[in-house]
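Here come two complexes built around chain A, the first alongside chain B, the second alongside chain C.
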Partner chain A sequence: MSTPSPAVPTLAVFKLASCDGCQLTLLDCEDEFLALAGRVRIAHFPEASSSVDPGPYDLGLVEGSVTTPDDARRIREIRAQCRVLVTIGACATAGGIQALRNFADVEEFRRTVYARPDYIETLATSTPVSAHVDVDFELRGCPIDRGQLLEVLTAFLAGRKPDVPNHSVCFECKRRGTVCVTVAHGTPCLGPVTHAGCGAICPAYGRGCYGCFGPSGSVNLPALIPLLHRDGLDDPATERFLRTFNAAAFDTCDNESGKEVRP
Partner chain B sequence: MSERRTTAVLDRTGLDALVQVLRARGRTVIGPTVRDGAVVLADLATAEELPFGWGTEVEAGRYRLVPRADGAAFAHTTGPQSWKAFLHPEREKVWDADRTADGRLSVAEAPRARPSYAFLGVRPCDLRAVAIQDRVLAGGRYQDRGYRERRAGAFLIAAECTEPGATCFCVSMGSGPGADAGFDLALTELVDETGHRFHVRAGSDAGDELLAEVPHRPAEPETQAAARDAVDAARERMGRAMPPVDLRTLLGDSLEADRWDDVAARCLTCGNCTMVCPTCFCTTTEEITDLTGDHAERWQRWDSCFDLDFSYLHGGPVRASARSRYRQWLTHKLSTWYEQFGSSGCVGCGRCITWCPVGIDITEEASALHDELAARLRRHDQEGENGRKESEP
Partner chain C sequence: MTHRGSRVLRVGSLARVEGEGALLLRVSGDRVEEVRLRIYEPPRFFEAFLRGRAYTEPPDITARVCGICPVAYQMSACAAIEDACGVTVDRPIQDLRRLLYCGEWIESHALHIYLLHAPDFLGCDSAIDLARAERAAVERGLRLKQAGNALLEVLGGRAIHPVNVRLGGFHRAPAPAELRPLAERLSRAADDARETVRWAAGFDFPEAAVDADLLALGSPGTYAIERGTPTVLRTDGARTAFDTSVFLDHVREEQVPHSTALHSRLDGRRHLTGPLARFAISGSLLSPTALEAAREAGLGDPAAGAVCRNPYRSVLVRAVEVVYAVDEALRLIAAYEPPPRPYVEVPPVAGGGHGATEAPRGLLYHRYRLDGDGTVTDARIVPPTAQNQGAVENDLARIAQAALAGGDPSDEELTRLCERAIRNHDPCISCSAHFLDLTVLRT
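Moving on, here comes the complex of A and B:
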């Protein structure tokens, strides 16, 4: 094989506030993981190996959201060390489940939950990495999809744009031949506003999409909400449904994702 | 050319034999069956799997299965898939590229599975849709090889409509409820005091020949008349209709209509309408590489004009607004399709109405555009009239 081999790129994996599920997706790549290890030098991945090489790194994957002053400092350091920075998962791209605190009183939590609240240093909000530093690519999901992660890694290695479409879950649902749970069963489903990537798993098992991949590239929430109401969700339930994994991400996107280019 | 096409009557045993003969000939028989609360299209092992005793109640954005006392198998309306799922699959590999030992690239067309299909229960509107996709994907200069191969070998058994749904409007599109061409066999299901039976007409030599192998009886005049009457009655019971105007010019004259803003406010841009539409054919192609960098593949997969990436040029999507994307869909279906392919792109199957989560209705949108245009023309005339009056001495 005469593949030209310039300096082997280095990969670093970092974790902020998160459950580790997305990093596990990387370890889950089993077969491909060996091929990956042959193509990059895994320089920093505490979850997989205790040997840590210092930066700079060619590609950094960041899992987790910024929830402490230390996270906020670390993410700047990480950014400074990584040529390309990719965030993985709902925590890193939208704040994650822990961003439910954004709608509550963190002081009260601290007092109620911890025996020594003064030991706890935390920010009032859980925020995505992109709220702190520039991010080159955001990979969605809770957890991320293994196939999409490999696509992002191979695309990075080949110097091309990853094939990660930002249309709705409905596209995948119909391609898969699933019977629409909203139309045929009256089940609330966030598929029409949710970013594709999971392969429309939930509807394939008769459940509505929970929106774990966050908003698609083209969201019209006011058009969907009456449907959720019709299918039995009242206002608080609708709010919970939309905010479970991606905090306020759905509330803040609007329908017209750009200006129409007129010829 | 054959002298005269066979007409015959099959009972349920005959229908089962039909499926068995097709399977014995190595065909994959695809037909309607019940799954997950809907009538879907799937590989059938026997005619028993057909949706006997199931009907459907549909409305814009709503679909429900309902039991039928008469035990009919073809009394349901269009489900979430169409035959394009088999002839024009959602994802297909186009080619493989490999780096050879001496560092060169070798590119090879991807080997394709070539199932030999028999489609059982193709509605007349869907026969027309297949003919339209033939024109798009296998006609003209740029042909989709995979489609052409799968289509050339497919055996089509139509099922004429006797129970149109509330979202059907094939009559106003001239594509149903009777089957006139493009089939090998056409069934008309009858359930009455004479029993449960299927009137069959052959439409090709292959159809004649297959029928000869299946137990049947000659079509007596009463059954023939009953089949004709049932289809004629369906003609009168269409759930919807397109406005009786020249849709082609209507859409052409409506590019700046206000109605597009109205529908854009309701549209989720979810793409369901294009995915379920039996004529929508759009695909995108994507290259993937593997981790070694020595192997690449090109895949084609269904895409839609509701996808922002669909019109992405350097710097951004050309059709960013929901308004422009909905307008593209309707204008292509009903108007520019003529310029491209010589017919309408809509066959009136009603799928886009039923399976749109928010129930946006193509016939209602066309009527609203017509009303808006008519009002605009009236205002225009009025102004012209007033202008003339004012300028009179």
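Moving on, here comes the complex of A and C:
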């Protein structure tokens, strides 16, 4: 893309199927928000401003997954308008919780929720943005972490790569000094296979990680699943545990054994 | 030039609301013919995929309905499932839940007041725009919002989709030393909250009145937040209440004759939930500081049963609720002793249960059915924005009608006015779209 950037880069925020939580994270940067507004021109952010400038934009943040024919079209338009496109959160990056429909009959879903299903236009699947267009960077989490979002924005402004390591939540527990909940209490935990970034909050509050950041850079499910079984999860519970906030991301990711593993 | 004649105004994408909605207004001469608040937020099917999940999961799963009010979803889900299993949590756990909820009220209300609503009163497009003229005010708003988030982070682990809530209580109860720094911060927030009421009281409020019954939880002796009984103040002044277990007998989706849209109705009548309704039902139970703030702001005397029906003034009621939530959080922190156990065991019981709590935007109802091993067999969720849809459309029609009768507004003026009228109600479209208010999804 060769659109010349003006002196102040433009930022655009877009929303597909989602809960609004990831774009709210931008407004949750209370200490930095006004300073950020001085470094970029917020050209398109309907949740925060009724003034919307037309594209192209230098940086686009997309929240949400693609679940309707219209959004499948819209994401291509968005891509064409943004020099750099970053997905924010589990929906945009992995399909999100609404991707649970991917394992079910969407017709039945439609009838369950809606009295007049014929009014509802929806696709059979909820898919990540990367299934439709090229994405320059994917930020994980349900929701994303505020610190990581600021890192992505700062890196963009400085013209460098974001420093977002893809190691597991276990590293963050060690760094935080949290006693391992699996080793000490036999609590089922997805920390060993989950992408870091949240700061290992769940184990610090005495519960197992539930994988909302999706798979880390090296996932070894054949080693983890027996531990989950040992700690009381049967097969269906294991499957639910792995497939909640990031759909099938855990069982389709590259894993250390190199084999596809079904939970 | 005159703007009379037939015209149709469309606002393709509403700004400064949570989620994606559009507005259609059909005008003929000086008469409003049709108003439609159309929600095009894609459906996400929560009620469908909750089926077959374990009964321990809805608090974490339903939080994802709304990033602005996840605690409300967690609290209503816990209340409904604990009801199904016949469990009542200990008083100290109830208090901790109320404390967490106060954090969400502070955060969500500060967001709406400063970032979404105030720009309308001050002729700005956004809080960034507003900060150019009133930087100190916007900084105060952000500070207040951050105080709410700090409370959520300490007690819940994080501000959006907190992780510490579980069925029966919390995974871990905080140590008193963790809460102490919050008290310091909240003392400052108390000043900011009072100042917010004074600031907002200086706005210019157009005349308007919501013509709808008001529905909020009522609870003896306290301003209801995390529990209570659905209570109605009708337009004729009659006050009634009904048990949460019969909520769906009272609040029903109905076909309205002039449109293909279904609207949520309370006993066949239009109703509104949210700050105006809470203030009307529980206003006399506000803290002394919040009562005083309400009087100073010109909201009348809540202790004497003052009711505010002007939707523009909802910004004042939200500001008063922030004063209250900060007071309440300080009171709960001062009285805090770690509970003997952070959660009560909740063994599964076959059957059904109901729960209702006061989300920042109004009454949020959940119902679940479980089988004997704790599998969810049915889920039903009625969020506040879906309930308010009829009242908001009616409000829009009346406000647009008054503008047409009183002058000759241009399309642009009329559109701006309608957008303001919608933002008065702080709609959360992300919430409403995923549930039963489907018929506004016309294509």
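Here is the rule we go by: the second predicted complex is superposed on the first by the 249 of 263 C-alpha atoms of A that agree within 3 Å, B and C clash if a C-alpha of one lies under 4 Å from a C-alpha of the other, contacts with A are read in each partner's own complex, and residues count from 1 in each chain.
One rule holds in what follows: a contact is a pair of C-beta atoms (placed from the backbone, for glycine too) under 8 Å apart; a residue touches a chain by one contact, two chains touch by 3 or more.
Small disclaimer: the values here were computed from a predicted structure and weren't measured.
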item: Combined model on chain A: chain C and chain B, fit or clash; value: fit
item: Which of chain B and chain C A:S51 touches, first, second, both or neither; value: second
item: Touching partner for A:D20 - first (chain B), second (chain C), both, neither; value: second
item: First (chain B), second (chain C), both or neither touched by A:P192; value: first
item: Partner chain(s) touched by A:D163 [first = chain B, second = chain C, both, neither]; value: first
item: Partner chain in contact with A:V84 - chain B first, chain C second, else both or neither; value: neither
item: Partner chain in contact with A:A131 - chain B first, chain C second, else both or neither; value: neither
item: Contacts of A:G206 with chain B and chain C, given as first, second, both or neither; value: both
item: Closest Cα approach, chain C to chain B, once both complexes are overlaid on chain A (Å); value: 10
item: On chain A, positions contacted by chain B and by chain C; value: 206
item: In the complex with chain C, residue positions of chain A that touch it; value: 15-25, 27-28, 30-31, 33-34, 37, 42, 45-52, 67-68, 71, 96-98, 100-101, 104, 106, 108-110, 112-116, 119-122, 126, 142-143, 198, 201-202, 204-207, 210, 212, 237, 240, 244-245
item: Of all residues in chain C, those that touch chain A in their complex; value: 13-20, 41-49, 51, 53-54, 57, 60-61, 64-68, 70, 111, 115-116, 119, 125-129, 131, 135, 138-139, 142-143, 145-146, 149, 157-161, 163-164, 166, 170-172, 253, 262, 342, 419, 430, 434-436, 438-439, 441-443
item: Residues of chain A defined as touching chain B within the complex; value: 1-3, 32, 35-36, 38-39, 150-151, 153-155, 157-158, 160, 163, 165-168, 170-171, 174-180, 182-185, 189, 191-193, 206, 217-218, 220, 222-224, 227, 255-261
item: Residue ranges of chain B touching chain A (in the complex, touch as defined); value: 35-38, 40, 61-65, 79-81, 85, 90-91, 99, 101-103, 264-272, 275-276, 286-294, 301-302, 304, 306-309, 316-324, 354-358
